[in-house]
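Think of it as A, B, C, D and E in the order they're written, each chain with its own count starting at 1.
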Amino acid sequence: MDIATIVGVILGLIVIIGAIAVGAGAEMFFNLPSLAITIGGMLCATLIHFSLPQFLGIFSVIKKTIVTEIPSQSELIQKMVNYAAINRRDGALALEQEIGKIDDLFFIKGLQMLVDGQDHDDIRELMSLEVQYLQERHTSGKKILEFMGAAAPSFGMIGTLIGLIQMLSNLDDPSGLGAGMATALVTTFYGAFSANLIFIPLAGKLGIYSKAESTAMEMITEGVCAIARGENPSVVREKMQVFVSQGRREEVKANI
Amino acid sequence: MDIATIVGVILGLIVIIGAIAVGAGAEMFFNLPSLAITIGGMLCATLIHFSLPQFLGIFSVIKKTIVTEIPSQSELIQKMVNYAAINRRDGALALEQEIGKIDDLFFIKGLQMLVDGQDHDDIRELMSLEVQYLQERHTSGKKILEFMGAAAPSFGMIGTLIGLIQMLSNLDDPSGLGAGMATALVTTFYGAFSANLIFIPLAGKLGIYSKAESTAMEMITEGVCAIARGENPSVVREKMQVFVSQGRREEVKANI
Amino acid sequence: MDIATIVGVILGLIVIIGAIAVGAGAEMFFNLPSLAITIGGMLCATLIHFSLPQFLGIFSVIKKTIVTEIPSQSELIQKMVNYAAINRRDGALALEQEIGKIDDLFFIKGLQMLVDGQDHDDIRELMSLEVQYLQERHTSGKKILEFMGAAAPSFGMIGTLIGLIQMLSNLDDPSGLGAGMATALVTTFYGAFSANLIFIPLAGKLGIYSKAESTAMEMITEGVCAIARGENPSVVREKMQVFVSQGRREEVKANI
Amino acid sequence: MDIATIVGVILGLIVIIGAIAVGAGAEMFFNLPSLAITIGGMLCATLIHFSLPQFLGIFSVIKKTIVTEIPSQSELIQKMVNYAAINRRDGALALEQEIGKIDDLFFIKGLQMLVDGQDHDDIRELMSLEVQYLQERHTSGKKILEFMGAAAPSFGMIGTLIGLIQMLSNLDDPSGLGAGMATALVTTFYGAFSANLIFIPLAGKLGIYSKAESTAMEMITEGVCAIARGENPSVVREKMQVFVSQGRREEVKANI
Amino acid sequence: MDIATIVGVILGLIVIIGAIAVGAGAEMFFNLPSLAITIGGMLCATLIHFSLPQFLGIFSVIKKTIVTEIPSQSELIQKMVNYAAINRRDGALALEQEIGKIDDLFFIKGLQMLVDGQDHDDIRELMSLEVQYLQERHTSGKKILEFMGAAAPSFGMIGTLIGLIQMLSNLDDPSGLGAGMATALVTTFYGAFSANLIFIPLAGKLGIYSKAESTAMEMITEGVCAIARGENPSVVREKMQVFVSQGRREEVKANI
């Protein structure tokens, strides 16, 4: 569960809503027509830009990012070192039992190819293609959020322009000037706020999650190919630890 | 038929025109000279930037995007798996009959090369060149729309500057100040509105469509080359399913 | 002759000057000091940025773009298919006669290497180097225009700042406020107008022209290398038609 | 110890705080709610964008940049030239003693592979992978600071919008207009100031430090591989001096 | 000596200072505190961003760009054609005499490798590495100027914010409003002016100079490698002339 995202959203909402609440004119900030222009216009632009499946899929992508857990790097290395030991001691077929104990489809695919006795070049080729295309599919969700993060302020500005034109064309009553300008600015506020607290940072979180997932897949690929070449557990650990920052490398030994 | 685009445009127009209609000064928003400066200036800049054929071709490109359908990925895989089975059972020449049943020129080209008995390296080389140059030709339409999406707001701003200078040089009658400023802002509104609801999202839709089309072409290339190497239907399916997201892969078998 | 550019510039000037003429205060728009700051400052910055030869060369580059014609793609393919037929029928030396009939230096160079009997790998290497370096030299002209398109608005803004500071420091006579602000805004207008109607679109046109020229050179390279490999006319046509969009491919045969 | 960073921060704070102090209304600049919106909103957005470990790690990354020293290039070359001489005179095993005299983990790893008698291609492959992944891990810290440098001004602007809307909705007392606008502008000031004096330059310093560190690692890789190939000390010096600017190359000889 | 840069700076200063002098309120433009905030703040940010050696080195880099002359391309080709002729007539050792007649360290290095009888692949490898790393070192100076060109306007805007806040918090005397706003705008003026006339164009000039220098080095590399392969003078001229634009190629013959 990704605590950082949830805490960030809640704290951010508290800060902004708090600033609104303590000042005057708080009621100006809750304006349905302004919300319709800003968020409605943004959603329409997003619908035009992206395909319907991509658009509808955005919520499940965000949910997956907040809920799913990437296995820790040391956990992956420990598992792979064990498999290397099992492979050396009992042969590749013995790894068939281990397959049932993992959840990750990609890891299972790699082990299955080891059990089937495939050549390490073929394994690397197919697993790398898989990593490459996962990255392409993840990028789509990130792009939708980045587009929303640009479109929301743009439609906020369009709303402000509409408001200003309406207000300036009716300057008979100068006492309404302030309120008119305040209303006109609310759409720009909605746009800037939703973009900078929600859309842009969420796009970034999707990117971080995607990178962590493909690093894990690259580590699995390195490990499986090393086992396919018959390397011993410490070489397997070496090759996978290149991905781990210097200060966090541990002397991992097989514990089967 | 791409519903998302049409729905997005209609809903977006409803939201914006609704916001204009419910407020005061709606008549200010329908200003022919302002339209001439913003859209007219943008079209002139586009004519200077691009070649005449590209400029005139933009409407057919947009229409093609909204109307054409990319064959679904599962449909492609099913067809290719069938062809692999036919190839194994009856030989490549039997695929000649299948050519008449498809519409897609690229798919036909691939099958024809199989029937002609070409080597899988030659097939991959020519088909990949074809994909590469299709992508280059698609990009041109996208670039025109992106340019329009940048030029419209720029000319909107030029129109506003002209309006402000005209208004400020004639400040004798301060009661006309509001109306003068409102008129000056209308061109900026036209620019921002056309760019953010139409041009920029349509450019994005063109890009999405182009990507879907080249992914389909890459799948066809993988499939045809696999058949040329004599692979059996399940390997053909495996190679093509790399392009399909994990959750939507089906156990496709030949149904000839 | 590139009609699109000329029509675009003339129509654009009509629209903008029209908008100025029909409104009040048209005389404010013709301000020599403002022109000096905006265009003069931009030219000085361009002189600092680029080398003197590049700067002086910009006019001939623009002229070349508007005047020169890129041979049509079908014309190129027809010629190359004929040369392939001549080569097959009479041998490479027979192509020596054809050299005198073409203008294009690059095409002549390719034919000369065929007549000299050079190997197709050497031909591809030298012709590709030539294409690469032509692209680099073309980019220089485009970069100058893009820089002007960024510098003009910047100096326009500097001029407006100067005008505002001068006007605000002398607020004794409030009736001059409007005229003072109008004058201050004229430089920003000059900058935005020259950048968005002239410099930025012309830079784009240079890029389009440059791309068309290198596509033609790549087609010539493909064709000449195919002839050097002794391919027959229809293969030569195939290899060159990859560059032509699907809808415009013709069944070109030799007509010698 | 990186003096430049510390001096720059201190002088910058003096200049800005000085400008605030000498003018009127200095007390307006110390506004806790404004600080909460700008810095607080920015921190929340950063928490949503990045993972918790990355976010918490930013302080140690900054500290490491200011405190750590990259060994000078001439120091590295001198050491490597000596090792080349030792290798030639006494053989690779003699380098085992030198390992204890160095701190740098990467240099130690390289020497260890020499002592173990590994092939120069394997050494280059593993050391290059190491450099590549160090660069990827360094980039993360830089990206966090760059994001903060964009988010701070954005939240400053959101704060200003909130302040303006609150002020404009309460225009009953025109004497409070100035103070209200001043307060609204303070958040934009905080955002611009923190971004332009702290976050953006610090991100740049991280990049410079990272580049210096990987250049040092590339020099070590070149040197170690040269020794593994049995090259003599002057060739080792030549290969490493490619990284040193022409004017600062010295005639380094072994001094063992 | 690079006339263009010097003329551009002088003319630009004349235009801008002229515009200031002919208007009212010229004395407002000479404001030391404003200069301190804008230029001082920019220098502090630059000191934080870059390393101290890079920062101190910026003046010598700028001076080298304005003063140094890149040998003309035809001069380089003439020399290399002569050396090719000498090599063919008298052998590589005869080139030893020519080394004393050149200034350029890179050219000398190439000739020395010819005299030493090194293989053309080794020569190309070492010379290309040299070119690559020269480009990396040149980029540093350009990046500092580009950063200054972004930081100056940013600190100008910070200064304007400080001025506006100070002025708005003290609106008791409305007659000082104009002068207060004028003073606040002066820092933005300093920032925009220094960035657009000095820093950004100078960064561009550094880039142009750097490109000309590496093109010269690539020509020298091509020429030296051709001589090492024993090519005759006209082939050497051909290979070097790829870098020269079509219209300026001369029929260069050896004149030894």
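Here is the rule we use: contacts are C-beta pairs under 8 Å (C-beta built on N, C-alpha and C of every residue); 3 or more make two chains touch, one makes a residue touch a chain.
This one's a predicted model, so the numbers in the text were calculated from it and none came from an experiment.
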Partner chains shared by chain A and chain E (touch criterion as defined above): D
Distance from chain D to chain B - Cα centre to Cα centre, in angstrom: 41
Computed distance of Cα centres, chain D from chain A, in Å: 25
Graph class of chain-chain contacts, one of line, ring, star, complete, other: ring
Successive chains along the ring, chain B then chain C then the rest: B, C, E, D, A
Residue numbers on chain A that touch chain B, as the complex places them: 33, 36-37, 40-41, 44-52, 54-55, 105, 126, 129-130, 133-134, 137, 147, 151, 154-155, 157-159, 161-171
Interface residues, chain C side, partner chain B - complex: 2-5, 7-9, 11-12, 15-16, 18-20, 22-26, 28-29, 175, 177-179, 181-182, 185-186, 188-189, 192-193, 195-198, 200-202, 204-205, 208, 212, 242-243, 245-246
